Each structure stands twice: as C-alpha cells, then as structure tokens.
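I've put the structures underneath this note.
Next, two complexes with subunit A in common: one pairs it with subunit B, the other with subunit C.
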Partner chain A sequence: MSTKHELATAAADAGPIGYDDHVEQSRQAQRHADKWMISGTILMGTAILGIFGLPLFLRGLFLQRKAQRAGLSVRPIIVTLIGYMVMLDGALNTFGWAVDLFASHTYVSRIFMPTWGNMFDGGYFWHYNELAVGGAGAPGEKAWEVLGIFIVFPMRIAACIGFLQMKRWGHQWMVVTCWTGLLMWMGYVANMTVYADIRFASVVFPVVGWWVYNIFYITPFLSTPYLHTDNREIFSD
Partner chain B sequence: MSSTSTEGLQLGTSPEYSRMHTIIRRVCYVLLFGLVIEGALTFPLLAIWYGVPTLTPAQVCDELQKVMYSDESRTCKSHGLDSPPLGGPAEAQGQDTARDTWRVQPTPLYPRIGFRELVKNKREREARERSAGNNADTEPSKKPAK
Partner chain C sequence: MRKPQEGTRLVNEQDRAKRRALLVLQLVIYGYLALMIVIQLRLWLQRGW
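Coming up: the complex of A and B.
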C-alpha cells in the first residue's frame, strides 16, 4: 500500500511540477514524517517506554530525510532534531518535577523519588516529604521546580511547536528558552554544589553519577550555537 | 572544508558553520539515544539495586524509610487528601531519630546503601526479631518449669 509520503516522493521524482504541487507534496511528506516522530516522542516522553518510541521517531526522521533527498521542501534535519529533543527535555523534566511538587504524598512517588534520590541525588532522599509542600527537602529545590514547571518548560514546549512549524516566533522563543536553559543549569548546579553534603553524602552514585544521568538533558544549550548561526530567513512570519 | 559552495548543505546552514552544525546534529543523536537508553534502564537499575524482586517495591520503600530515619520501626505509608499541604501534621513530625550534623549546611549521616543491601537489612532484622520472639516464647515456658 502506497503511503502519502511515497506518493509525494514518487511525484517529486516524476519530473517538473508546479510550485503549488511542490508545496502541497512537501507539506504532506513533512506531515507524514511528523506523525511518526510525534508518536515516538510521546512514548519517549514517558521515559520507561522510550525504547519503543525511538524506532518510531527514527522512522519519521528517515522519511523526512528521504523526502529531502527527493527534492521536497521539508524541514532541515537539525531543526527537527533540536525541536523534538528540546521538547522531550521539557516534557521529561516537567513530568518528574510535577510529580515531586504535586503528587509527593502518593505511594508511587514515595517509592520512586527517594529511591532515585538515594542513588543519584540525596536532595530527593534526605528528609523527603517533610516540607509543608512535601517532596524534595533540599534547600532551593522547590524554587527550581516552580520556575521550571510554571515558566521555563511550558515556554520551551510552546517554542518547540513554533520552531518545528518553522515560524519566526518559534525560532525567537527557542533562543529565549535555550538561554533560560543555560541559566537554569548554572543556577541549579551552583545550588547543588553549595549544598553538596545534602545532595551527595552517602548517595550510591554521587556527583559523577548525577552528571552521567543528567548530561543527556543538555540539548537546550547545546542548541544555542545553532540558533545564533543559522539563517533565520528560513523561519517565516 | 574551505569551499564556499552551498551544494549539499542543509537549508539554513552557511558553509562557514556547516562543520559546527554537523557536530551539533551528531551530538543530538548521541543525546537522543542516551535519553532513551537511560529512560529504559533507570527503573530496572533502581529495582535490581534495591532488592526487587526479592522485596516488593513497597518493602523497598519501607526499608528506605528505616535507613532515612535510622529507625527500624519506620514504614512507608501513603496519606489521604487531608495530609500536608492540605491538612494534618507534617510528615515525620515528632520523629527525631534521623541522624544529621545540623549546621548551616547540614550533613546527613545515614549509611550508603550497597547493592541489594536492603534485602540483607530486612533479613537480619527479621532474624533478630525472630530470635527476640523465640527468647520471649521460651521465657514463659521456663516459668512453669521453675
């Protein structure tokens, strides 16, 4: 059975076509690839089901690359990767911190958070749930959670939607949110360092373990050099 | 690459930045695979390290509480909606067994938990309890003998 994408690719290979046809075929090919990538990202956003989401995402990426090679006007691969990765970063962080901020007294949270905390970050183990609002008791942690959940991550996910749609506002907000990511990393790591005794004393994999676990979340500020060196004209108003 | 040709370049990438963009794209792939592998392995790693399936997740939670507060009577309980912040006493209110060095930068003094150490903790505690129970059982039986 021919997919829309294959039809579009075949049509692109068939020879010269009108501008409107090209735009329509490109749109269809992009949409088809995005359906795979969105499904994959949703599964990857759950963390534990990510292993099933990755093949779907890669399939979408492959379709987009194929369309690009067939001459269709689809999004550059790097824009797609950055857009989805930054969105995934926002989604994964929102999930973990929202559970700690709003659902810290649930059984699942009581089991998972201190267990994870004992392994990588004592802030989620030390006197867990003793604050009036519950959850992680490490000094400053709740402030970062509120900032992330209410400001940075929603802004980041909204920016990603605009960025993936190749909108100028998406690019602009991506710049803002990626710099905010840098601020959060610097502030967060400084806070952890100041209270290192709480965060890392008697933790199973302290400091290096934390870095190994969290280094994969650096996409937001890895993207910053790209956002300042690409041709912004490809992002339309 | 010193060529200024735009042939083969991604849309939006100029020749002078093509190398940097390629590196960023490749690192993105590494991060993507890293996030996914990490997401898939975190729960199994935690479960195996802390004693599942010998212990149920709820028992792991119990054992962690005992380490957290250095108190073998602590258990892991969930609370209703009237618990903090909506009402009721704060968690562990009145519990003063947790060992910390209290100062402007507190230092926790609980021990590091080794691989499947919670299983060992539970078995040793239960053995102690059994032994204490046996002693308690034998004591009354001795009484009639006297």
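Coming up: the complex of A and C.
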C-alpha cells in the first residue's frame, strides 16, 4: 500500500462508505492516474522522447481502469483516450512546427527535419533553410505552421484540459477544435497534392510513407461523431 | 395537445437524422482523403518519383 491510488482503490473495495469519502477517493485515484498519463503525454509530445512516454501513459491508463473496476467514480475511458489523443496531437504538431519556424538553424532541426524530408516529404528537404524565413521551403508550409502554432493547436490543448476535467466548456471547445482540425487537414492535404512534385520527387518513400506516418495526426476528427452524440449531461458546468 | 409518445418519436427522429448526417459527413471526409491519395498515387506512377 505505497500509493494514494492503492489506498483509494483498497478503501473502495473494503465496503460501504459515505458519499463524501467516495468522492474524495475517486478524486485522488483520478489525480494519481492523471499524473502518470500527463507525464507520458508530455514526453510523447516531444516526439524524440516518445518511446519513454508511452509506458508512463499506459501505466496511468491501467491505474484508471483499476479504479473504475474498484467502483470509484473516475472519468470514462473513452473521454480519457480522446482527451489525451488530442493533447498529444496538439503537442507533437506544435513542437515540430515551432522548431521549424523559430529554430530552423539549430542542430536538432538541421538533423531531424531534412532527414524526415529525405525519407517522406521533400517539402522539408527542398531548399531547406535557403529562403528568407528558414526551415521548410515548400509553398504554403509556413502559413500552415503559423495557423497551427498560434491558433489551432493551442486551442486544442486548452480544450482537452477542460475536456479531461469533464467541464461543459471543455466538451464544447473539443467539438469546435475537432472541426478546425478537420478544416486544417483538408487544406493541408490539398496543398500536398497540388505541390506533389516538390513534396514527393526523389524522396525515399513517396506518397505511401507520408500517409502511413501522418494518418495518426489526420484522424483525430474521428471523434467528432462521438462528441456530437454522447450524453452531454456528464460534462458539468 | 401533443401526446407524450409523439414527443419521444420526434426526439428519436431528430437523433436518427443527426446520426445519418454525421455518417454522410464521415463518408464525404474519407472520400476526399481517399481521392487525394489516388491523385498522388497516379502522379507517382506518371512521374516515376
């Protein structure tokens, strides 16, 4: 019995308790699980340290599931998965694109970006660091980066904080940002197709490589039908 | 005055229409993405990247 979480779940297993005790134990168990999941998501959000973040996240998910099975009132698993997936999506994109926009002459950028470009997306190889604003030289790429870094992804991260706290505004903003994410990807994929000669010529894995890598970023709007049909009453004011 | 069952029926119909609209929307979105993949694959074949 070393952790608060174990104490909370053990107490829940022990027998009937008062409502206030139940609420407090549930809150502690959720908080403990969230600490693991947030740590894991932050590490995964850096991309480079992602491999270390996944086990932490899975540990948090396991703790939440355990608390749920012990009868505590914790957040539904589907809400947890959607919330953290969107947080990870926002963090990964913000980190990668912010490095390309503001730190394109750093070693990390000069190593990882053109390597990625050489493998999957020529936009990050073709005239890299040669234009007035450094980094990727693909037509339109910088405009998407500005939109993503300053508007869409901060909105998404803020929305999922509220969403994971089961707030009504979090749910509403999650719906809004899923739509903005959808608009952004529709436009970005059109840009990739229009300038396909720059993006895919002479790369190691043209077209298929890019899609396999990016499909996980593109599809968070899969959660849109869930967000439009779930029971909103579980999200409190 | 409306009967209680009529209100339930209206809500169910609205819910069904909303689900149908979301389904159609998903088909449009994934159709668009599939179209973009097909165009890119065709360009790949044409140009021999």
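Basically, the second predicted complex is superposed on the first by the 233 of 237 C-alpha atoms of A that agree within 3 Å, B and C clash if a C-alpha of one lies under 4 Å from a C-alpha of the other, contacts with A are read in each partner's own complex, and residues count from 1 in each chain.
By our rule, a contact is a pair of C-beta atoms (placed from the backbone, for glycine too) under 8 Å apart; a residue touches a chain by one contact, two chains touch by 3 or more.
Predicted model only: the values in this text are computed from it and were never measured.
> One more residue to check, A:189. First (subunit B), second (subunit C), both or neither?
A:189 contacts subunit C only, not subunit B.
> What is the contact status of A:130 with respect to subunit B (first) and subunit C (second): first, second, both, or neither?
first
> For A:161 in the superposed arrangement: first (subunit B), second (subunit C), both or neither?
After superposition on chain A, A:161 lies in contact with neither partner.
> Is A:114 touching the first partner subunit B, the second partner subunit C, both, or neither of them?
After superposing on A, A:114 lies in contact with subunit B but is clear of subunit C.
> Name the contact category of A:146: first (subunit B only), second (subunit C only), both, or neither.
Neither: A:146 stays clear of subunit B and subunit C.
> A:23 in the overlay: touching subunit B, subunit C, both, or neither? Say first, second, both or neither.
neither
> With both complexes superposed on chain A, which partner does A:211 reach: first (subunit B), second (subunit C), both or neither?
second
> Between subunit B and subunit C, whom does A:225 touch in the aligned arrangement: first, second, both, or neither?
It touches subunit B and subunit C both.
> Please work out whether A:234 is in contact with subunit B alone, subunit C alone, both, or neither, and reply first, second, both or neither.
Touch status of A:234: first partner only.
> Quick one: name whichever of subunit B and subunit C touches more residues of subunit A.
With both complexes superposed on chain A, more residues of subunit A are touched by B.
> Considering only the contact definition stated at the top, list the common interface residues of subunit A for subunit B and subunit C.
Of subunit A, residues 197, 201-203, 218, 225, 229 contact subunit B in one complex and subunit C in the other.
> Which bits of subunit B are touching subunit A when the two form their complex?
Within the complex, subunit B contacts subunit A at residues 10-14, 17, 20-21, 24-25, 27-29, 31-40, 42-43, 45-46, 49-50, 57-58, 60-61, 64, 67-68, 76, 78-79, 83-85, 90-92, 98, 105-113.
> Taking the touch rule as given, give the residues of subunit C at its contact with subunit A in the complex, in rising order.
Counting only subunit C, the residues touching subunit A are 15, 18-19, 22-23, 25-26, 29, 32-33, 36-37, 39-41, 43-44, 47, 49.
> Quick one: which bits of subunit A touch subunit C in the complex? Just the residue numbers, please.
Residues 182, 186, 189-190, 192-193, 196-197, 200-203, 206-207, 211, 218, 221, 224-225, 228-229 of subunit A touch subunit C in their complex.
> Going by the contact rule set out above, which residues of subunit A touch subunit B in the complex?
44, 46-48, 50-51, 53-54, 57, 76-79, 81-82, 85, 88, 92, 105-107, 110-112, 114-116, 118-119, 122, 125-130, 132-134, 194-195, 197-198, 201-204, 213, 215-219, 222-223, 225-226, 229-231, 234
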